[in-house]
Amino acid sequence: MRYLAIGAHPDDLELRCFGTLAKLKAQGHAIGVCNIANGSLGHVTIPPEKLKVIRHAEAAAAAALIGAEHFAADVDDMTLDRHNQAVIQRVAEIIRRFRPDVIFTNDPNDYHPDHIEASWLVFHASFSSSLPNYQTDSANHPLVPLIYYFDTAKGLHFEPTEFVDITDYMDLRLQAFLCHQSQLEWLQSHTHANAAEKTKIHAAFRGYQCGVEYAEAFRLCPAAHRVPAYRILP
Amino acid sequence: MRYLAIGAHPDDLELRCFGTLAKLKAQGHAIGVCNIANGSLGHVTIPPEKLKVIRHAEAAAAAALIGAEHFAADVDDMTLDRHNQAVIQRVAEIIRRFRPDVIFTNDPNDYHPDHIEASWLVFHASFSSSLPNYQTDSANHPLVPLIYYFDTAKGLHFEPTEFVDITDYMDLRLQAFLCHQSQLEWLQSHTHANAAEKTKIHAAFRGYQCGVEYAEAFRLCPAAHRVPAYRILP
Amino acid sequence: MRYLAIGAHPDDLELRCFGTLAKLKAQGHAIGVCNIANGSLGHVTIPPEKLKVIRHAEAAAAAALIGAEHFAADVDDMTLDRHNQAVIQRVAEIIRRFRPDVIFTNDPNDYHPDHIEASWLVFHASFSSSLPNYQTDSANHPLVPLIYYFDTAKGLHFEPTEFVDITDYMDLRLQAFLCHQSQLEWLQSHTHANAAEKTKIHAAFRGYQCGVEYAEAFRLCPAAHRVPAYRILP
Amino acid sequence: MRYLAIGAHPDDLELRCFGTLAKLKAQGHAIGVCNIANGSLGHVTIPPEKLKVIRHAEAAAAAALIGAEHFAADVDDMTLDRHNQAVIQRVAEIIRRFRPDVIFTNDPNDYHPDHIEASWLVFHASFSSSLPNYQTDSANHPLVPLIYYFDTAKGLHFEPTEFVDITDYMDLRLQAFLCHQSQLEWLQSHTHANAAEKTKIHAAFRGYQCGVEYAEAFRLCPAAHRVPAYRILP
Amino acid sequence: MRYLAIGAHPDDLELRCFGTLAKLKAQGHAIGVCNIANGSLGHVTIPPEKLKVIRHAEAAAAAALIGAEHFAADVDDMTLDRHNQAVIQRVAEIIRRFRPDVIFTNDPNDYHPDHIEASWLVFHASFSSSLPNYQTDSANHPLVPLIYYFDTAKGLHFEPTEFVDITDYMDLRLQAFLCHQSQLEWLQSHTHANAAEKTKIHAAFRGYQCGVEYAEAFRLCPAAHRVPAYRILP
Amino acid sequence: MRYLAIGAHPDDLELRCFGTLAKLKAQGHAIGVCNIANGSLGHVTIPPEKLKVIRHAEAAAAAALIGAEHFAADVDDMTLDRHNQAVIQRVAEIIRRFRPDVIFTNDPNDYHPDHIEASWLVFHASFSSSLPNYQTDSANHPLVPLIYYFDTAKGLHFEPTEFVDITDYMDLRLQAFLCHQSQLEWLQSHTHANAAEKTKIHAAFRGYQCGVEYAEAFRLCPAAHRVPAYRILP
């Protein structure tokens, strides 16, 4: 199977579904990761143009750690818009190139405007990508991929329908997160919290809920043509 | 009373509320139908420009079958956008010309991006149409019409609040759906299912839920000025 | 049609659905009212045995005002229990004698333990009453009646699905409520509020929501065999 | 793995989860089925004492068809009560004897009072069965089994979280249902519907929702110690 | 503390949270109010250009009554769009200038398209305003403010999580509302109701729910970084 | 103010609200704690009669640690029943003796049958306790206390409406939990987890959600006469 995770910002996936991705990779599946926004506003002192380059490299390094193919849609932070036709096309083209069976993306009820828009962009683009007469560089993807929404920031407003045991991949996930050095500085200054420690608490709590040490939580997007009769997650 | 059904694509109404419309017509009410999108991407081999013409004719034929006035907003598939002022105006103008007491439209939780946007376009435009100083060709509609959301694709994520017995109109509804010959080819190729047979299962299930042979399911839009003290449906 | 309203205490119906009952009566329907509890604890100084007699007479007087047949199941306050077989039988027998098409009762999410239990007692008994081999004095009721839950105390935790315009019956409803003289004294002492004034605010608010002066709000019990394809309420 | 399905009445399982049970059996799992009520009131003319014997035989025959071990708790219809300690003990003892990893049971929001109580009896008894000092004939079950609620009557008020493809087992399921000859007469008289035809519509609709021909729908009981990190269903 | 209320139209705040604002002001807090739309379409006979000026003055007068600083984003009615970057910037700049700890705004489930968009504009802009590299005239706001959604029109589709007793400020709130003379004429013609009387019923009902004479109802926006461990409301 | 926490088993309160109780105590409020069940089945080897005595002493020791008055209703494990009149009276009498303004209790959606029943017993008994003619040894409590439901086991199925920062009381809470030595042995054997460590993860996660180090989460019981216009929690 082919799994593509598409998050808003360069570090969203590392904090929410990288354990599952690493596990799927270890099971022999093909993994792609994509950040729609370029992370341009995620720092106090580094200006956007310079930051975009740094964050792209950080995301690529994290992807490499788990053996995932890395894509980026290069949209400036805080400008994501579910109705932007050019961005929908860009995301649809990435989907067509990777040809996923399953997509992971942000939950539409998350706290960050970009997360919400990213979620809808993926919803739109993954449908468009299946239409033969919808024009991008590549030919249409032959199916409408399933969508799993990953956990929200701090798990607020999120009722999981499925859990994945990531105990064996927790260290790797943290290592991947630590590739985002510029972001760590930012999170420290913006939220006054140790992000690496907090993400461990989050994963430990999700693990506690389903009876393992560390887990990631997901919610299936319950839309027609995207509801399977079988479990897809590992 | 005057009932206007506004769906995203040329065949949405036939699959979700044409039984109710036919019943209302038989009871002497005035019926209008409108598709916002022109169906341009709904085929594998027929190119958009040619398909639009075909699908308009198909929709008009289906409308004629139940004696409904046919409108179309002629927006390309996968470009519907609830914030597009020009499209809102176009839909508002159609509402002003038909002057409905009640509108049927797609549910905002449906599976297709165009369905979601169509639902919100109708929500916006039906409010705008009532404002004297909102400019379109026609004068303002003197009331804010009620909105009923019709069933979603496959009935997923939809809790009906009202049912309509369409047993006597099921054949006519199927006949109307079969007017969409180009779409039938498309659905067969895109979803690998016999759409005519599936829509019978759907209506039989809704009928089963409310104790009749075939039924359509609706949900009232619970917004201020749109909540009546009386049942509107037949 | 035949409508039977079954509330927990002698004054519950007067505060929640008497406007609708009076309207249905005026339209020619047969109306029954029943209180399951006898109101034994609803006073500061009048002891239970004496109070039960007073409250029964008050309820009967209120019923007479709207031309309703009056029933009572005579269970002591704060002892209602959905699993009490004797009480279920008593309520089933009342249902069999009145033979309602529709039942109104308390919402199972209401604030008072007796209201919650009354709601479930009605749910159980109305099903039992339809079974030929379930034994009470009368033969089985030939159908499983629909159930409408009426509004909760203060409208908390209650999302109405239907409203009834009771503007023309508001005065009569208040008059019926004022038959409960002993209860008025109690409510004043227990809740420190003018119940008659508060019930007007409640009905005015429900009217405001659906665009009339005074209204009552209901929620259909969405259980199999109890979901109609037609509106039942006036 | 060991799967135990516990329904209220002798035919509940056949209509809701027998396809899944047959599939699990074919995959080599151990299957048990149990009806808590004896079906004593499920007929118009056959009196309770005689009917109980008939229905027990019918349930045993249906169980035999799919190779399931058959249990019964022999409680009279319409007397199920989640707080009845003797019945909880009887159900706990059945659980201890079968030692299931997973239990299927009625949804607590279903339409029939006995279904609701059966659901809670299973919830209580499956917890009790794991406690060493809780006394029944057998020693404690070493785990708290997972619970899946199967679909409600007519699918009302039920949002599935998982689907099982039962296409290959639909005929067998119908055959099992037809073992309940006395019940078929009853359903025909009580609901005026052809139950065998309706259950096909129900399964076809659930199949339609998840993209297969026939399916059964389930909802995991989201209680602590009962939430797995893996899919359990076939 | 600093509280900024941002509503869609010039009179929204007066109808939903002015009692709370007046109370906070009396307790010594700093209060700002802002209308995003200019109210251009809110009249039958006064044309937009003229009306905008009138309504701005009316809003300023109402703000003065409770000692609040008045802001306006001057967007035309029915054109609010959560994705309009220029408007987001304008609102972010107002937030940066006022530096609120807490924001009150419309609920995203309200009935009016502009209310829905205003709610999301505030959600976006209040996040943007905290980012150092997001460009507007002023420097970034050092925190992400909490958001309270105030009650919807007619209280439909709104489950309050907190109430504020405004009994002592009800007269002042009504006085502030009456500053909107042009709007009163409009509401009378568009909704055929006495708005001043209806808003009293609404506040009396919310007061009834929480045991005071008049109250306003709120719902905390449950997004990460916006959930406090302490109550913020007076 | 007077706060009474009533949990099902001897250690429920220590795991869910002891931080808040300790904080309230430190602020000068009067605190009572009560366990309804006696914990008779909570061990593998210690038999019920002996265990009850041990657990009572453990609960009393924990209460003493935070300076709370200790009550117990002494009902055997797995026999709690919301309709048991004798137990309701016993709990009502405890409420009348302590005279609380606010009660904390288990959530009715929790995982343990006894937790669910305890929640409803408190709901019933706290209402009964306010009725002058409801007979127990003490005179009636002059008010219907507010109810806060504390967090569920593992936080499943629980959407908090309020959080309390317990960072300064986390050590004391753990110390109180460790008083339950017999229960620690049981939890280790029954759930194969280190309960003390898991409860820290739980509190750290709730703290993470609301921006403090450790927190407890609550949900107000939204029933009439129990909804305040002010925050009650510290």
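As written, the chains take the letters A, B, C, D, E and F, and residue 1 is the first residue of each chain.
Keep this in mind: a contact is a pair of C-beta atoms (placed from the backbone, for glycine too) under 8 Å apart; a residue touches a chain by one contact, two chains touch by 3 or more.
Predicted, not measured: the structure shown is a model, and the values here were computed from it.
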Both-way neighbours, i.e. chains that touch chain F and touch chain E: A, C
Per Cα centroids, the chain farthest from chain B: F
Copy-to-copy rotation for chain A and chain D - C-alpha atoms, rounded to a multiple of 5°: 180
Longest centre-to-centre distance from chain C, chain (CA-based): A
Interface composition of copies chain C and chain D: same or different, split at half: different
For chain B paired with chain C, centre-to-centre distance based on mean C-alpha positions, whole Å: 39
Centroid distance [mean C-alpha coordinates] between chain F and chain D, Å: 35
Touching two or more other chains - residues of chain C: 83, 154, 156-157, 209, 224-225, 227
Topology of the chain contact graph, where touching chains are joined (line, ring, star, complete, other): other
Chain-to-chain touches, reported pairwise for every pair that qualifies: A-B, A-D, A-E, A-F, B-C, B-D, B-E, C-D, C-E, C-F, D-F, E-F
Residue ranges of chain A touching chain E (in the complex, touch as defined): 40-41, 43-45, 47-48, 51, 77-79, 81-84, 110-113, 117, 152-154, 156-157, 190-191
Complex interface listing, chain B residues touching chain E: 83, 85, 88, 123-124, 127-128, 130-134, 222-227
Complex contact set, residues of chain F against chain A: 154-157, 159, 198, 201-202, 204-205, 208-209
Contacting residues of chain E [partner chain F, same complex]: 161-165, 209-212, 215, 220, 224-225, 227-231, 233
